[in-house]
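In what comes next, subunit A is part of two complexes: it sits with subunit B in the first one and with subunit C in the second one.
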Partner chain A sequence: MREIIVMLFLFTGVFFFTVGTIGVLRLPDVFCRLHANTKSDTLGVGLVLSSLVLYEGLSSAGVKIVFMIIFILITNPTAGHIIARASYDTIVDWTGQLARQKGGEE
Partner chain B sequence: MFFSKDVLGMTIILYIFWLLISWSLHWVNLLLGFTFAFFVAIFMAPEIIKKEERPPFIARGFFFLRFVFILIREIIKANIQVVQIVLSPKLNITPQFVEVKQVMRYPVTQVLWGNSITLTPGTLTIDVDDKKILIHFLTGDLVSHFPDNPVGKALVEFEGRSK
Partner chain C sequence: MIETAFLVAAILLMVNVIFCLYRAAVGPTPGDRVVAINMITSKTIAVMALVSFMYHEELFLDVAITYTLIGYTATICVAKYLELKRL
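Then we have the complex of A and B:
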């Protein structure tokens, strides 16, 4: 019974990872790609590591994996935020304008 | 001062962290962990915990738990939306940048709010300061729904004031 739940979590996590990767390939510019990446990576890592916690039970490794989930939940959006701000200041997006000038108009 | 409430609290947090990571109840381990936690707390507590920056709502644990549950629900919703957009044959997205007002007052909640915006459906934080937040929206119809974001409401309640 526990194996079924573990497999369910694991495959859902891998599915979200796959969708995030397809999103990075399909979407047009860096900001849209970050949408796909930050969201699905956070839930994907969360589900895969949760399945490992369920498989491992309450032990030394399980507690460490719980800490990993918490830290990834904090750091993943922060990394996405840094990439987005750096791109906003420097990168010319797919319409040929600097993103900062375009943001000022709207 | 040598021993204060800050030092005590930081010692307890570090000691619990040490016990969970090391996962053994041998007496050497317990003693070593307490010594390290206590000395690190004595030296670092005045540097890390500043009295004037401490927010007044730090003890409202129930509202923080409620915020975490709402955040997890929104993350799942955001992922379902990403799946819908990415796997549809034609990409119906209208990306745009919008500046909204900063509603959080304290640095802690500003950080939490910035990260939560990135994780909620269709929005991505680009720049945050005391006055405003610059957000990238994936689809244009989300802009009007943004002020009644449930995560933002939960964070405002966590700050301890009604909107």
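Then we have the complex of A and C:
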């Protein structure tokens, strides 16, 4: 029974990773790619590592993985926000066809 | 049984990493490359944890924690360099 729950969490996480990869490959713009990346990647890492915690139980390895999940839940949206702010300041065109640099003109 | 599931999940994640590497090599703007590298970092953390449970080596989890810290720092530094043109 526990193995079924572990495999359910594991392959749901792999599914969300795959959805994020398809989004990064297919979407047209850096902001759309960031939209596909951030949420699906955070959820995928959380689900895969949660399946390992369920498999292991409360040992030292499980506590390490819990700390890793907490750290990723803090840092991954922060990294997405900072990439979006840097791209918004340097790339003006939203269609992504012509990445116009703003630095030299203003 | 469950270790075969870990192996299959790790192989699927590495196939995903190949496609992310395509985006990191091709991506037209530097922001695309940073997004792709961030994704590769997340997938590598998951694969490191899975390999640690496949080989029953707890040491790999410490490597995964360190890789989390290094990946976050690298993303922050590259984005700050893109924004301010200096570090």
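Note that the second predicted complex is superposed on the first by the 91 of 106 C-alpha atoms of A that agree within 3 Å, B and C clash if a C-alpha of one lies under 4 Å from a C-alpha of the other, contacts with A are read in each partner's own complex, and residues count from 1 in each chain.
Here is the rule we use: a residue touches a chain if its C-beta (ideal position, glycine included) is under 8 Å from a C-beta of that chain, and two chains touch if they have at least 3 such contacts.
Since the model is a prediction, treat every value here as computed from it, not as a measurement.
In the superposition on chain A, A:F71 makes contact with subunit C only, while subunit B stays out of contact range. When the shared chain is aligned, subunit C comes close enough to touch A:T90, but subunit B does not. Applying the stated contact rule after C-alpha superposition, one finds that A:L54 touches neither subunit B nor subunit C.
Of the two partner chains placed by the overlay, subunit B and subunit C both lie in contact with A:L34. When the two structures are aligned on the shared chain, A:L43 is found in touch with subunit B, with no touch to subunit C.
By the touch criterion stated above, A:V19 is placed in contact with subunit B alone, subunit C being left untouched. Within the superposed three-chain arrangement, the count of touched residues of subunit A is higher for C, of the candidates subunit B and subunit C. Put simply, subunit A uses residues 20, 34, 42, 60, 64, 67, 78, 80, 85, 99, 103 to touch subunit B in one complex and subunit C in the other. On the subunit B side of its complex with subunit A, the touching residues are 20-21, 23, 75-76, 78-79, 82-83, 85-87, 91, 93, 95-99, 114-116, 118-119, 122, 124-128, 134, 136, 138.
On the side of subunit A, the complex with subunit B involves touching residues 16, 19-20, 22-23, 26-29, 31-32, 34-36, 38-40, 42-43, 46, 59-60, 63-64, 67, 74, 77-78, 80-81, 84-85, 88, 99, 102-103, 106.
Within the complex formed with subunit A, the residues of subunit C that make contact are 1-2, 5-6, 9, 12-13, 16, 19-20, 22-23, 28-32, 34-36, 38-39, 42-43, 45-46, 49-50, 52-53, 58, 61-62, 64-65, 68-69, 72, 75-76, 79-80, 82-83, 85. Contact residues on subunit A toward subunit C in their complex (touch as defined above): 3, 6-7, 10-11, 13-14, 17-18, 20-21, 24-25, 30, 33-34, 37, 41-42, 44-45, 48-49, 52, 55-56, 60-61, 64-65, 67-68, 71-72, 75-76, 78-80, 82-83, 85-87, 89-91, 96, 99, 103.
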